[in-house]
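In this document, chain identifiers A, B, C, D, E, F, G and H correspond to the written order of the chains, with residue numbering beginning at 1 in each.
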Amino acid sequence: VPDGKGERPAATDFVDLGFARVDVGRLTRTGDPEVVYASGKAPSATVEIVSVLHTAAPQRAVLITRASDAHVEALRNRWPDAIVDQTTVAVGPMPQTRGRVVIVSGGTSDGHVVAEASMTVAAFGSAPEVIEDVGVAGLHRVLAVRDCLDAADVVVVIAGMEGALPSVIGGLVGTPVVAVPTSVGYGANFSGLSALLGMLNSCAPGVVVCNIDNGFGAGVFAARVARRCVAGRHDWEHP
Amino acid sequence: VPDGKGERPAATDFVDLGFARVDVGRLTRTGDPEVVYASGKAPSATVEIVSVLHTAAPQRAVLITRASDAHVEALRNRWPDAIVDQTTVAVGPMPQTRGRVVIVSGGTSDGHVVAEASMTVAAFGSAPEVIEDVGVAGLHRVLAVRDCLDAADVVVVIAGMEGALPSVIGGLVGTPVVAVPTSVGYGANFSGLSALLGMLNSCAPGVVVCNIDNGFGAGVFAARVARRCVAGRHDWEHP
Amino acid sequence: VPDGKGERPAATDFVDLGFARVDVGRLTRTGDPEVVYASGKAPSATVEIVSVLHTAAPQRAVLITRASDAHVEALRNRWPDAIVDQTTVAVGPMPQTRGRVVIVSGGTSDGHVVAEASMTVAAFGSAPEVIEDVGVAGLHRVLAVRDCLDAADVVVVIAGMEGALPSVIGGLVGTPVVAVPTSVGYGANFSGLSALLGMLNSCAPGVVVCNIDNGFGAGVFAARVARRCVAGRHDWEHP
Amino acid sequence: VPDGKGERPAATDFVDLGFARVDVGRLTRTGDPEVVYASGKAPSATVEIVSVLHTAAPQRAVLITRASDAHVEALRNRWPDAIVDQTTVAVGPMPQTRGRVVIVSGGTSDGHVVAEASMTVAAFGSAPEVIEDVGVAGLHRVLAVRDCLDAADVVVVIAGMEGALPSVIGGLVGTPVVAVPTSVGYGANFSGLSALLGMLNSCAPGVVVCNIDNGFGAGVFAARVARRCVAGRHDWEHP
Amino acid sequence: VPDGKGERPAATDFVDLGFARVDVGRLTRTGDPEVVYASGKAPSATVEIVSVLHTAAPQRAVLITRASDAHVEALRNRWPDAIVDQTTVAVGPMPQTRGRVVIVSGGTSDGHVVAEASMTVAAFGSAPEVIEDVGVAGLHRVLAVRDCLDAADVVVVIAGMEGALPSVIGGLVGTPVVAVPTSVGYGANFSGLSALLGMLNSCAPGVVVCNIDNGFGAGVFAARVARRCVAGRHDWEHP
Amino acid sequence: VPDGKGERPAATDFVDLGFARVDVGRLTRTGDPEVVYASGKAPSATVEIVSVLHTAAPQRAVLITRASDAHVEALRNRWPDAIVDQTTVAVGPMPQTRGRVVIVSGGTSDGHVVAEASMTVAAFGSAPEVIEDVGVAGLHRVLAVRDCLDAADVVVVIAGMEGALPSVIGGLVGTPVVAVPTSVGYGANFSGLSALLGMLNSCAPGVVVCNIDNGFGAGVFAARVARRCVAGRHDWEHP
Amino acid sequence: VPDGKGERPAATDFVDLGFARVDVGRLTRTGDPEVVYASGKAPSATVEIVSVLHTAAPQRAVLITRASDAHVEALRNRWPDAIVDQTTVAVGPMPQTRGRVVIVSGGTSDGHVVAEASMTVAAFGSAPEVIEDVGVAGLHRVLAVRDCLDAADVVVVIAGMEGALPSVIGGLVGTPVVAVPTSVGYGANFSGLSALLGMLNSCAPGVVVCNIDNGFGAGVFAARVARRCVAGRHDWEHP
Amino acid sequence: VPDGKGERPAATDFVDLGFARVDVGRLTRTGDPEVVYASGKAPSATVEIVSVLHTAAPQRAVLITRASDAHVEALRNRWPDAIVDQTTVAVGPMPQTRGRVVIVSGGTSDGHVVAEASMTVAAFGSAPEVIEDVGVAGLHRVLAVRDCLDAADVVVVIAGMEGALPSVIGGLVGTPVVAVPTSVGYGANFSGLSALLGMLNSCAPGVVVCNIDNGFGAGVFAARVARRCVAGRHDWEHP
């Protein structure tokens, strides 16, 4: 019988590998398992951490982000059926999806962020739908997908340079908008700062923002919102 | 008869006051009316704009943010039953609420941002619940409200200084977290920059961020998400 | 007899007032007289400088920008028929206009920059046409004025916050776009930095940018371009 | 019969390649075709996009900027008579030119930006004239080309380090000045920031600014202005 | 007989190698020998400097930080029993330790800074104890080591991203906290700036901060404090 | 009987005043009571919070920092024997002191930060000793107090402008150095940024840094270290 | 008898006022007395410090910079014949001058920095000559004073906005140029940052830079150089 | 016969190579020839420019800075007796020296900037004297060279990290101090920003600053001052 107290973190909620303390209790606490950020970790250490998480919850895919070629190779050696999209990897079965997340990008150069967001949405249990290259310099491209944006549970907008796309979309539809600035651009772009500031200062109400190039964070947030919008959260988190 | 096409913006969807083009079509397009940002506008101009919005949709409160004392006085002269909370004003009947938004702040100095967020949530049709002063330097204060955070449809976390609270909450519960950095602090706080960067770089997954001191933006976003989580969006936007 | 060499600056092309060296030769060199930036100058000194310029070229209005109330009072005491629009003042007859400059703003709070730009366009010999409050959060307001933008010789776009309006307009029409970021906004707006960076990184081709709140600079540039577009520059500068 | 409505963007104004939505309607809307920013795009994808644009308007050259060696090779394989200048490529016939754009640089290290600007001016239908290495530390080099600057329809000034050249030129002649800061320099140059800020704060009236190293943007703007100065815009855009 | 005056620096307190003036008097002045920062020095020069320091005080290990592979090889050639941990090297006998420094890190990617801090603590005469990967997104991992933190003489907290860990630990225990921001993260992390600002603005009292990735500085400071806490400083510095 | 477990935070460790959750458990957890940061709080609310803390632990002074004149007046009305030094106030008996903290400042303009640090050191149970105005431009002033620095348990160095003093002192003595940058200066000082960066990059080993003007944080840290250096920590925290 | 050793600082080279340690030995060490920076000091404390310096060396004027009206009043009460120029004050006899320092400013708004520099040059024993308002937008004003610049021993160039004037002058003459950026300007001027960066990146060789608005620093440096250029330094410093 | 007018720049004072306008008149105007900044120039173009300058004034060495290995090789192929020190090259006979410039560095890692400054001083006609590695963390190393600093005509101080050395030296001696910040350091050093800001805010009077790593600029300035200090400038510039 769940008693409320049972959900609280205990000292045994993590596995101590010496070089890492893997948070196997996060699935219980938050409804989603820990995700492995591969950058800066040795491939072998990454495999070991994934292994602990996979063993702890084999029914739910483990997500690995910012994986280099070496990481991907090491993960595929161990789990040949791992799903790989550019720098994002999933080990284990993807969950069933609820709700719909539309991912829109301003240009084709934003593609790697789109891929990270899309795979994260799927691994966190919602259905991603991708629409690329609808920058504001050709406004009719935005207007052409308006119905699609309107029907989504949440929209993720990914754009570099001046980052104006979330403002335009946020003024067109009432769907919640999660904006992701990208580092695409040069000069006074300052590696994504211009898009970041632009999105934070959006004149359209209800635009929220993630870190530069952070498709993962946007994907997690959007999936959580989208799956709640469909059948209520209690079904999902406490089946 | 609404025909899908009728929802598209038309040249007549705004009222031209000469000094302002009031967007009376936003309610139809996005499900929520235009909001008036009072800062930098003359009190008389503010009253005139509110008047146009109120006339266009008398059944839904018009929200005015960043109102000075002079703005408040002018609005109250015209609409004596206007609701005022610090610098936020509402003219007209508040909507029924759906869903629940918990608003958490790190310290008592964040109070004005809490007020703006809370009133916005209510004006955008969701129920705000405020928990103040649960900064991370006294972690047990956070742990004590864990059930409340867990039960919310969305959590708005407002904090200044290092802005660490969203990371702590984002690791405790799976509720979507909207973070608002505040300008509370001094020195290397750089008017809220430290909290802003901290929140954008949160190691907890699924934290999204608003502009510094932007309780309004967080409120709009949170209300939109929360009311969708209850009975589906279509009831709300197309009654 | 003008001989080409006569247009070159000479040591006598300025009037030395001790505290200032008034550039009375600029009208000959560049086709437009020197303009007085009042901020930081004593009102009496400002009057003295204007007097020198007015005497040197009484047929063309002297423009004074960033005038405080004290400056305005001192100027009006001396020249009762001076034209005043907020912080911009003109002493002497305004020139005939050639070409048309459309000045568009994102919000009503940008009004003081609009006023500076508009009066400068007129003082530099072109006809200003002002369209205010057409922010991108209500895109139909932009689309409604498209014909007007299309017909202009040059468009000045003034906007704060994320500064997205020039990108939207630059993608709609082929008219040259001069963008002016304003300091309207708060928090991560950083006193206009967000709009400035947004405009510098515009994905629409052919958008050029002025300093934050610099309606004057945009007005000078736009007027010079507009009057050239009509009857050729030689008529104007060498009548 | 053109009816005003026919110029408006339609949902069919772009070609959807899946990974890109090519804006083939921009030529009609703005008088100039879409340009391909190659950086971050696969060479094959670049070729495909160019192909769509070239097919849609074979009578006007397609411009490709920031092309790497791999891009250039792929483009030349497909169109052997493509024109290449450093990182800028043109596919298809260059337009006839109207008006004259003088491009001035402060030093020989600014050469790649000069090349981008020059080729863009030509592809956008005006005649570029290049004068390199006239930095302000040798003022007589500027004075020596004064007649040339005076006779131009518009001057593009390209400079790194302190970016003082536009101020000097803007005080000498009345020709409209478009300034391009470059990243040439080191230390407190901060990758072009010093030149950018210098140009934005120019004490010469009527100087407008582009992004750092953005020879393309300056070229588009300058060509549009220059060709309008000659025979009126209507000839060009609606032949 | 020490006479107070004898401790003062003299012109002979350094050894002039021509390219370097090695401060052999620092051990007497401050109780700890000079440390060699290898970055930017030639391997041979590094060996020569270490040699001077080692000769001057053979009883106390010389510490070398930020050593490249080439530096390590050169040092090991000369002193085969040098101790090497990643980029930190010690030549000569390590001192006996007094007091205990607990080094805590937020994630496994902070490992290289942990190694530098740990080896420095040992070389400066205190006992390091390392606890890695206890980030705030899994708070129970922090709570599980609370007793250990409480029992330390000083705690060094190493974290990247938002740098929130020192605030959480500083609110849990009264042990002095030395915080080290790391450059781990991306985007608006700005190479460690977010963690640096977060730590400087910590709402927990008594948190002090080192430079980004500066495990060395934190190690020196922590060791000095820890060894004083045990038996009084005079034993250590004046045996 | 204390059992180790009893020290852990419980939900009853704070007092909920509605507008504030006062952390009365901090004294037990960390050995020092919560401190009240008055800036941004109403004087009456400040008095109420102080009252809760004072009642919970009447034997130990409550410290209030950044108090305005209105705060001071309200506090003195309630507790006439409150100790006031510029903007710092203490209510209740000051603790006995252990250990010695020397506070050194670079110039007389740093006085308000010196006062905050000094009073904090005393309220946290150590003995402050202040030496003002020993800037590096007159090095002999530093050398003259060397014995005093050498004899301290910890040195707090407070300086604005270039913040070089900690480097000089850190190279002279082995005493742990806590550096506080101040906002004293102008221009490229950028409100204390120059001193902050200077101190973070100190070439002297073992210098740690606090936020700009943060005499309080330095005082807490220094007092904690100093009192541990004398008789061992256990006497203090568990009497 | 001076013996070389006697010039070294001694512990008695300063006067300890409790709140300040006045460096009365600086005149002997460096050839110039200490200067009092009044900002942030109480008027009475300022008078006391000046009194100590004046008594120690009555034959050489004491300089006080950044004096407010209250400072000036207090100083004049005590020394009625004090010389005052805006915010700079001198108490005691001005030294005879050697060498000539030309001070050039870009605009009349830079006047207060010019005044500080000019009075400092005089108090440090060289002859200032001021030429104001020769901004680069009117180049002939610079060319007109070329002989004067050429004949100076050192030139101090004071300018705000883009700070281009030192580059122009540095390319015209071989006189050493000391550049002072001012905070004159607005927007992307960022309180003098644009002029500072411009001057640091000057393409003219041999331009050195002072802090923003630091007329004092430039004056000291220029005077020291100028008086050495005339009759050799030994006459001056060791009469 | 020199007539005053003859020194003025003429249109023939430069040689137009097409890709560069070599300023051969600078020697006459400023007393020193143009210097070639090799970075970003092709080796062959560099050789060609040097050739023009060398031909115009064979009696005075041409200086080339920031030369890569390829530049050095090309220059040595053409002029086998070129003098090379790291990245600085001189072609032609070095001038006789007058006056003495002491160049002091804080650490051995600053060596490449020291080399650039030293060679520039020599090429501009003064005698450099180098003292390396006298950082402030070992103050006695500075005090040991005090006589040498005192006897110099000008001191160039080169330091990275916190850049405190110029403040210390500026307080010790009255010799004019030219400070050069270097990019040596890491983390919050921000590529030399910390040293730059530190030097600009020096509390020692009369410290002037060059761009980060700009040994060349400091060398030019110092040489010009030093040679004037000896026998008067007129001998040098007009022999």
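The rule we apply is simple: a residue touches a chain if its C-beta (ideal position, glycine included) is under 8 Å from a C-beta of that chain, and two chains touch if they have at least 3 such contacts.
In this text the structure is predicted, and so the values were computed from the model without any measurement.
Novice: In terms of contact pairs by residue number, which of B-C, C-D or A-C shares over half with A-D?
Specialist: It is B-C that reproduces the contact pattern of A-D.
Novice: Out of D-G and B-C, which chain pair has the most contact pairs?
Specialist: Result of the comparison of D-G and B-C: D-G.
Novice: How many angstrom lie between the CA centroids of chain B and chain E, rounded to a whole number?
Specialist: Taking the mean C-alpha position of each chain, the two centres sit 46 Å apart.
Novice: Any idea how many Å lie between the Cα centroids of chain C and chain E?
Specialist: That pair's centroid distance is 58 Å.
Novice: With chain centres defined as C-alpha means, what is the inter-centre distance between chain F and chain G in Å?
Specialist: Averaging C-alpha atoms per chain gives centres 37 Å apart.
Novice: Report the inter-centroid distance (CA atoms only) between chain B and chain G in whole Å.
Specialist: So the centroids are 53 Å from each other.
Novice: Quick check: what residues of chain G touch more than one other chain, meaning two or more?
Specialist: Counting only residues that touch two or more other chains, chain G contributes 26, 107, 137-139, 171-172, 187-189, 193, 196, 200-202, 205, 211-212.
Novice: In the complex of these two chains, what residues of chain H are touching chain E?
Specialist: Going by the criterion above, the answer is residues 107-109, 111, 132-134, 137-141, 143-144, 184, 186-189.
Novice: Okay, in this complex, where on chain E does chain B touch?
Specialist: Result: residues 106-107, 135-139, 161-164, 167-168, 170-172, 185, 187-190, 193-195, 197-205 of chain E touch chain B.
Novice: Mind listing the chain C positions that touch chain D in their complex?
Specialist: On the chain C side, the touching residues are 4, 8, 26, 29-32, 35, 146-147, 153-154, 171-176, 178, 196, 200-202, 205-212, 216-218, 220-221, 224-225, 228-230, 232-233, 237.
Novice: Which bits of chain H are touching chain D when the two form their complex?
Specialist: 9-11, 13-14, 19-21, 23, 25-26, 34, 37, 39-41, 45, 181, 183, 191-193, 196, 211-214
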